[in-house]
Amino acid sequence: MEQRLRQEAKTLLEQGKVDYIIGFEQGSLKFTTAPLITKDKGDTDRLVINPFIVNNLSVYLTDIEGRVGIVAKGCDSRSIVSLIQDNKVNREEVVIIGIPCPGIIDLSKIEQLVGKDRDELDDITRDGNRVVVTVGSKKKDFPITEVLFDNCLGCEFPTPQEYDVLLGEPSTPVADKTVSRAKIETLEGMTQEQRWQFWEEEFSRCIRCYACRNICPACFCQRCFVEESEPQWILPIPQWQDNLIFQAIRNIHVAGRCTDCGECDRACPVNIPLRSLTKEMYDLVDELFHYKSGMDKDAPPLMTAYEAEEAEDFIR
Amino acid sequence: MTITDISQRRRFLAKDNVYLPHITIVEKIIDETPTVRTFHLNFKDEKLKKEFTFDSGQFAELSVFGIGEATFCISSSPTRSDHLECAINKVGKVTNALHRLGVGAEIGFRGPYGNSFPLDFLQGKNLVFVAGGIGLAPLRSLIWNVLDNRDKYKNIDIIYGARSPADLCFKYDSDAWEKDKTVSMVTTVDKGDENWTGREGFVPAVLEQVAPSANNAVAVVCGPPIMIRFTFPVLEKLGFAPEQMITTLEKRMKCGVGKCGRCNIGNLYVCRDGPVFTYAQIKNFISSEY
Amino acid sequence: MANRKINKRDIEKLLNQWGQEFTVLAPSKESGIATMSKWNGKHANFLDWYRNTVIPPKGNFFPSMERMFNFQKDKEGYHLELPTSNEQKQLIFGIRPCDAKSLAILDMTFKDAYEDPYYLPKRKNALLVGLGCTNPCDSCFCTSLGINPAESSDVDLMLIDIGDEFLIEEVTDKGKKLIAAASGVEEASEADEAKAKEAKEASYNKVTRKIDTEDIKRKLSSSFDNQDFWEEIAAKCISCGICTFLCPTCYCFDINDELAKGLGARFRSWDSCAFPIYTKMPMENPREEKWRRVRQKVYHKYGFYPMNFGVIACTGCGRCIRQCPVNWDITQTLDILPAEA
């Protein structure tokens, strides 16, 4: 698949069909990949496909000028469709190189299971439904349901819905919804006071780095509401109350655009379980509006369309 | 270490805390243009009122408590120190809040910060002041400073322009300078209105027409960045060397004391190594982002 | 004067003893990430897993949110009040040499000209007990910046791992006083000293990531205006604040007021040169484009700070590399700096 990807990317650049190729290349740390954005067809040999291609590359589409050939997994392609729905991206200006996604490995889960940090591991390989971790001469294997990202475990559409080229056979969802929603179920089981206290503790760690917002393809506002000073919606000071409101409003703004790619959760440097909010919003959108984001590029964005028969039971 | 040694700079710290403002009271408000107001301020503390002094070109951080702080040059001259004056242009949160205040309101004041115009260097020379819009505010401090010690300086040319007649600030000053026989004053607007009988033209163009001599002269320039960038080539054409051109730069500032990091141009901080710079220094800036 | 040593099993007792006099901060993983938190008084298991914290020790002296003063308005006008300072001294146990050096680097800015009234008192009141690394990460590159991962002159006491025990080096007089009455501390033998020397060398050699600071100095002076290079380098950066906030030597801050019902306070909080509005003025923004901001960050740390203070504002802790969501790597950038404009 990697060879085909490199060939496709090279051909696209050679034939002048795109100005940029956006894909993944080997990162500077073990078991890490980094986004590769290039105009040079010589760089296409650096493109990789492996179990660690976690980034949602569609975040770059709103900043780049020109036609782009972009590598997209299932969730990424839906983000691209969502951007097309919002008129931020022109369908004719992207060539979507789709990758049927078998699920991405969460290094922090492996670290916890093995009890070692990532740079002390020698190898991590995927073998069908198991993942084998090698440290020196010792090997340990785990079922993929224990090491994939939570959102990969609940993914319903691992194969891109919208693509120009599909590299490989469509993959089947792992679909372990229990793990995917485990943290949310725990929260729903709490009382309101307990939940309030839980979030106060979590958001006290927030340093307002805005990685969650900047890594999200759906957050494409030129000027975020946080940066407004007239009126001042929330303070730029990282008090837990302002941090919580920031996240709550951000979720409302991306409702119907979020595809549960899990990037915000992964990017957070202080381990705030942001996906407990985004996934909840994602499921609410499904429940209330029977809408899954990024499935139909011709559909209007969720919050801009209204049907007369829509549910009104939340209006009291 | 190339950073300016400011250990000798005058400081008036409240409770040894450089971030703690003094309280000043608004004594008078003058409407200069639809968006610019001059505030006359005085310290609430009697002792500080008597002792406070500064140099032309320095700036202060004014606070509206609860809204925030912003940087303003002190536009009054240290030779007329019964009160302080700052010109405030309504462009954002803090300046809008300042404009909503009336006489008697309390404002926080931190300063004076920054370096100042080099009076020693200017003495005995012909001075050419070139200002645009509210850019006259820092120069005004220097002009009155110079006029109050008139015999120390030679010829004085002032070229002042604004976008329109309504945007001309400090009309009471330009009137006084027009009447002063030891000063040659030229006012211009980019575009006049039906009542305007004076000159029309951009400041750099008018400067070229007036063509002050560069012999034993120093030009002091202040205005919007684009005006400054167009004025320097004109001065060069007129024969001014880079050391003979002085300006005062503006950047987004918060702390005013070289710690918060945001006003830097290369390794220099506009709040501590500036805001007054010569064109010779600017030409050496690592970055053109001024 | 020989050094002392302590058995790893006795660290708990020592921390508890110190806890009588100081607020002891030690590594903890309770929130899922490694942090320096108030010592729980229970066990020193952190010695088994501790490598380094996510938030650097600058957070203890220059917190992400700090109250500068309170204000209140009554009929007489405004009253400004400084917050009451916390009297109890901090003891940070387990600070790494890279982070200890970073505090010395930060001191230069906060001491310069106008002394910072919030950072400096905390710094004066704190005791640092350093812990030498035995297992540097693959993102560490401290050795290229003149730091030995198991040695430090920027702490009060330095603990070096020699097997079941720590060798204790007294670095300052404060450290000497601290360890004088400590429980469980013995004299170290010559063999112990030799083991410590070996340990220092071993740690030094384990750091594999390297940068050439002399080469970088040369190339920086010519590559400032190379817009093509910087645009390419900056392409994948997402302009978040992770690298700057987690960097132990970054210190940019913002000042904001909060007001509610006539009572208010002025805070300072971490800010980042990577944010698009960091330098925004009403009429223009000198760093509107992302590549300018990325360039500013590299130059400030490796160019401008050395010009002002004679030291590179980086200690090779590697947090920026490890935590960046798009694996933007400063050592890679510095390696491929163009030699010409």
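Chains: A, B and C, in written order; residue numbering restarts at 1 for each.
Just so it is clear, contacts are C-beta pairs under 8 Å (C-beta built on N, C-alpha and C of every residue); 3 or more make two chains touch, one makes a residue touch a chain.
None of the values given here were measured: they were computed from a predicted structure.
Common neighbours of subunit B and subunit C under the contact definition above: A. Pairs A-C and A-B differ in how many C-beta pairs touch across them, and the larger number is found at A-C. Chain-level centrality, scored on Cα centres against the all-protein Cα centre, points to C.
Using mean Cα coordinates as chain centres, the one most removed from subunit A is B.
Rounded to a whole number, the gap between the C-alpha centres of subunit B and subunit C is 39 angstrom. For the pair subunit A and subunit C, the distance between mean C-alpha positions equals 31 Å. With centres taken as mean Cα positions, subunit B sits 50 Å from subunit A.
Multi-chain contact residues of subunit A, defined as those touching 2 or more other chains: none present. Under the contact definition stated at the top, the residues of subunit B that touch 2 or more other chains are 92. Residue positions of subunit C touching 2 or more other chains, listed in rising order: 254, 256, 258, 271. In the complex of the two chains, the subunit A residues touching subunit C come out as 27-30, 32-37, 55, 59-60, 63, 117, 119-120, 201, 205, 207-211, 213-215, 227, 235-239, 263, 266-267, 269-271. Subunit B contributes residues 1-3, 5-7, 9, 11, 14-21, 23, 44, 63, 65-69, 91-92, 106, 108, 224-225, 250-252, 254-255, 257-262, 264, 266-267, 272, 286-287, 289-290 to its touches with subunit C in the complex.
Remark: subunit A residues 229-230, 232 touch subunit B in the complex. By the touch criterion given at the top, residues 31-33, 51, 54-55, 64-65, 135, 137-139, 235-236, 238-242, 245-246, 254, 256, 258, 267, 269-272, 275, 277, 290, 321-323, 325-329, 331-332 of subunit C touch subunit A in their complex. Contacts from subunit C toward subunit B in the complex involve residues 68-69, 71, 73, 77-78, 80, 82, 109-110, 112-117, 224, 251-259, 264, 266, 268, 271, 273, 278-284, 286-287, 292, 299-300, 303-305, 307-310.
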